[in-house]
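Labels A, B and C are assigned to the chains in the order they are written; within every chain, residues are numbered from 1.
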Amino acid sequence: MPLLKFRLEKTGAPLWFRGLIPVITLVLTFILTSGLIIWGKANPFEAYYYFLIDPLSGRVSFLEVLVKSTPLILTGIAVTVAFVSGYFNIGAEGQLYAGALASAYLGTVLGGISTPLAILLMLISSFAAGLLWALLPALLRVYLNVDEVVTTLLFNSIIIFMISAILNGPWRDPQSGWPQSPEIAEVTRLPQLVARSRLHFGFVLALTVVAVVWFIQTKTSFGLKFRAVGLGKEGARFAGINVERTILIAALISGGIAGIAGYVEVAGIQYHLIGELSPGYGYTGIIIATMGGLNALGVGAAALFFGLVETGAQTVSRALGVPVYLGEVTQATMLLVILGMFLLQRYRIRRM
Amino acid sequence: MAVAMLIATLTAATLRVATPILLAAIGETFNERAGVLNLGIEGIMFLGAFVGFYVADITGSLWMGLLMAIISGVLLGILMAYFTVSLGVNQHVSGLGITLLASGLALYAFRLNYGGRSTPPSIPPFEQITPLAKIPVFNTILNQYLLTYVTFFIIVPVSWWVMYRTSLGMKIRAVGENPEAADAAGINVFWIRYGVLTFGGGLMAMGGAFLSLAQLGAFTHGIIAGRGWVAIALVIFGNWNPFKVMLGSLIFGGTYALQLRLQAMGLQLPIPYETFLALPYIVTIIALVIAGRQASYPAALLKPYQRE
Amino acid sequence: MHVVEMRQITKQFGDVIANDRVDFQLRNGEIHALLGENGAGKTSLMRILFGLYHQDSGEIMIDGQLVRIGSPKDAIELGIGMVTQHFALVPPFSVAENVIMGYRESLSLDMKAIEAEVASSARKFGIEIDPSAIVRHLSVGQKQRVEILKALFREVRVLILDEPTAVLIPQEVDTFFRILRNLQEEGISIIFISHKLNEAMAISDRVTVLRDGRVISTIDTSSTNPAELAKMMVGRETFGVTRKGKVVANQPVLEVKNLFANDDSGLQALSNISLVVNAGEILGIAGVGGNGQKELAEALCGIRTPIHGSILVHAQELSGASPSEITATGVGRIPEDRHAGLIGELTVAENLVMEQLGRFTSHSVLNKKLIRKYADDLIDKFQIKARPTDRTRTLSGGNLQKLLLARVLANQPDVIIAPQPTRGLDVGATEYVHKQLLEQRMRGAAVLLISEDLDEIMALSDRIAVMYEGEIVGVLSAQDADIERLGLMMSGVLKENKDAVTQV
């Protein structure tokens, strides 16, 4: 009996299909994760209620969503800026720590200045620190054609060792003996935005970065040049764009923004530097950037969604006893489903 | 004699520490030789460690645990191949997605089954085997798990032999250097890449399982803690050659064991211990710069192959 | 009986007829040259023989037996091998490894034994090569020998060589011919595709000339001469001269002096090129592709730095200048590859303004309204069938070319560099491009037209320069454009007095 053969035709998928993609993604993710939820002896529908809906319905949890999104927005945008120009910055994690290091240091030496000034100084220094940490891999790529994926990855590990050495050495907290830096001064902490919540000014900074990057991406010639270089190096070069310089700048800005992510975590949440400051925000940023389609607003939305998932995972865990790691599994599943869909939307399945 | 004993115990520790990373690195060597960078390595090791532990715990059989761990790695390798080879998705993103997925699954299942304990769960691990029990010094060094012997004396040489002395190895290398030429010569680029990712995944998971089933006999959150990235560094350090990768793993294992011992002895050094740990990474970056110049990098690494 | 016989082969690609009822026979043990210009159908015919294409109609017989060649694998099994201009080699592998790759299917490889086998095979055919040498370190000529050895190792009896001497330096050509003679002695029949008449005459026993997809003639080499062959290759009826108006004499706008440049592999591609283009004239650079035209266009457009020499526009030195500087001097640059020269994922409007973003921004903010209007204007004026918001990669070839023309001509440039402007376009689009170039000429621009299409050159140029192996081998004015002479120059037979280039 002849098998039904299908072939994938490379034309745009019908528009109605493309519009449904977010819905299909969610549904598929739900189906795939419900197996795990059932194993956890819970009802998938109930779980997803606590997962995605409940956190938005309460003041405390809603604000917590925003808190959790803050660093993700920043790393997501950082990665986006680089990826758009074709520079695969896998080092956002390390650049984040560089910014955190700078902030933790400044936080202990800046005293007797106003908070706005402190914010400005620490913002600039964390950006600079992240930029500097991104510099060597960027130079290696642009001038020696050394692939940036592995170099930025290795730099992540190196700075984590550096921080471990610092925290176990000169910066070990003299009072507690734990490997954590001394607390930063009051004035250098990011102000609370809403009373009785952890939401801090860093969230505003994150949104500002989104707005600025969105503006640059969509409304300025810089944004157009960055995109041109990422989408067609030869065409960009022919049109007179300095491709090497553009990639270098994109890489450095990317590092700087990731550095800001480190700043907001130190100055807004932890108030000192610890080795576990980031549970992989830099890597998650890559996933968020992909899901947001490398577009500032989309990435912001994806980051907020991931923040929701992280908060929701805790809610589900408390309510139904399902392990909190459901969050990570859902994020990963959603990414893989979307990756599959990205390509599917470029093809059409035709019966042969 | 004390010095000899010290060196012997350090060597023994080196071999032990190096094993899991070497396994993963050999797997990744095959991947990169065929032109694929698998950033899922960290997650595959982690899930391998958990699956091995969990299955061993509920079945009571360490070997069963190891087997299931390898299978989990194979499945993840196939998943990675599906995304990067069949769908042509960006390799870094799919690799990181798989790391996230595998880690998440492992932690979820771990919490579900072992949640709420104050100490990590443990099981009796594999026994160490001492073939030369009567000979001094050697009986200290060669006091290893079976898997260690297998890794160093079987897997590494066989991998080298396959890579450089068989037509399969030649096909893998051709695919990683010039997939168009390989395709024109009748080599099936897709099958080769699927194959290495599957095989690599199995080895990576085996590496993870070694940690939970042999070295520690336990499972914790931080059981892998970046060893996957070390493996990637080692592959480059070793210039994509199994024997050199083995050498790199010994250097890494050695510095790790050394700094651990020095710390245990309470020695204070002018430089922080982390310098030793960071050294392999720094050397790898230098190796990359040199490799870039000499072009001994598998030329097609990271470029997905689309046949028009 | 012929070793290979192709009967009434016809192959069409869209509107273009690549092969039109072609008959071709290869006798056993002969070296048969296949001559013709670009687009004559030679490569297409051989790709059909090697199984890369499938003919629309016609038959192929090997040793008198009707065969179906569905893929290169089939061809190789039938004893047919092909060496193309782009080598399929793995650089870090040795010669021996490259030769057996994909062919030798044993589990374990005894490299010593294999190297010995390859060495003896090489010796048998008189090919000097070290089987253990790493391909990356070989010269182009040596790499070509590896490719030939690959085919021979697979025991082919018919060897197709596509423009084999295009990549060789003169000294290597002699070695190459010696090898061909050795192969002939070993009973291999050879088909030699070329546009270089001297070489074809030197090595071949018989010659088949193709033009516009048809066989003009198959003839014994000994009974013909270069002039006759050249005429067959390029022979045409009369052409309409569609140009009107006079050239503004003695007003050089673009001057190239003693230009030297290398190609991507570091080999010399341009050799002491000097030329002048005056205002209101079209200088056509004729020649078969691969003789340095690409590198010349790239040097003039600022994406290839010359080794030596100067490029002057309005007496301003532009050699080595950046693309932006060149555009600013009033040069309109059209990229040779319209897909690489544009950014497919960006919109039509974005590509139109990409070269001069400064005009459309204030303090770096894009004036989208202005861009939109500019794009609308150009789309209208140049009849581009697209909307400003369309993704550029969705446009047809003709519309892409119109886009490139619009981008360049909107600024009323004084110099226009137009390499292969109608390559791959249909009749309508081609006519449109020609009309635009002629209008620019009337306007007083200096147009440098580089084309492999001799009809186009003849129809548009006021003067014609011919490039061969990186040099200008002759310049003729339109009235003196003698098809025979052009053909001989394009085939490297004739090299005129080079001073004619700088005279007006």
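Things to note:
As a convention for this text, a residue touches a chain if its C-beta (ideal position, glycine included) is under 8 Å from a C-beta of that chain, and two chains touch if they have at least 3 such contacts.
Since we're looking at a predicted model, the values are computed, not measured.
Most remote from chain A, judged by the distance between CA-atom centroids, is C. No other pair of chains has as many C-beta pairs in contact as A-B.
Inter-chain centre distance (chain A to chain B, centres taken as mean C-alpha positions): 27 Å. Separation between the centroids of chain B and chain C, computed from CA atoms only, is 49 Å. Residue ranges on chain A touching chain C, taken from their complex, read 219-222, 224-225, 227-228, 231-232, 234-242.
For chain C in complex with chain A, the residues that touch the partner chain are 301-303, 322-324, 327, 333, 335, 337, 340-346, 350-351, 354-355, 357-358, 360-361, 364-366, 368. Interface residues of chain B facing chain A in the complex, by the touch rule stated above, are 37, 39, 79, 83, 87-90, 92-94, 96-101, 103-105, 107-112, 115, 226, 229-230, 232-233, 236, 272-275, 277-278, 281-282, 284-285, 288-289, 292-293, 297, 301-302.
Within the complex formed with chain B, the chain A residues making contact are 36, 39-40, 88, 90, 140, 144-147, 149-151, 153-158, 160-162, 164-165, 168-169, 283-284, 286-287, 290, 323-333, 335-336, 339-340, 342-343. Touching chain B in their complex are the following residues of chain C: 72-73, 87-93, 97, 101-109, 111, 136.
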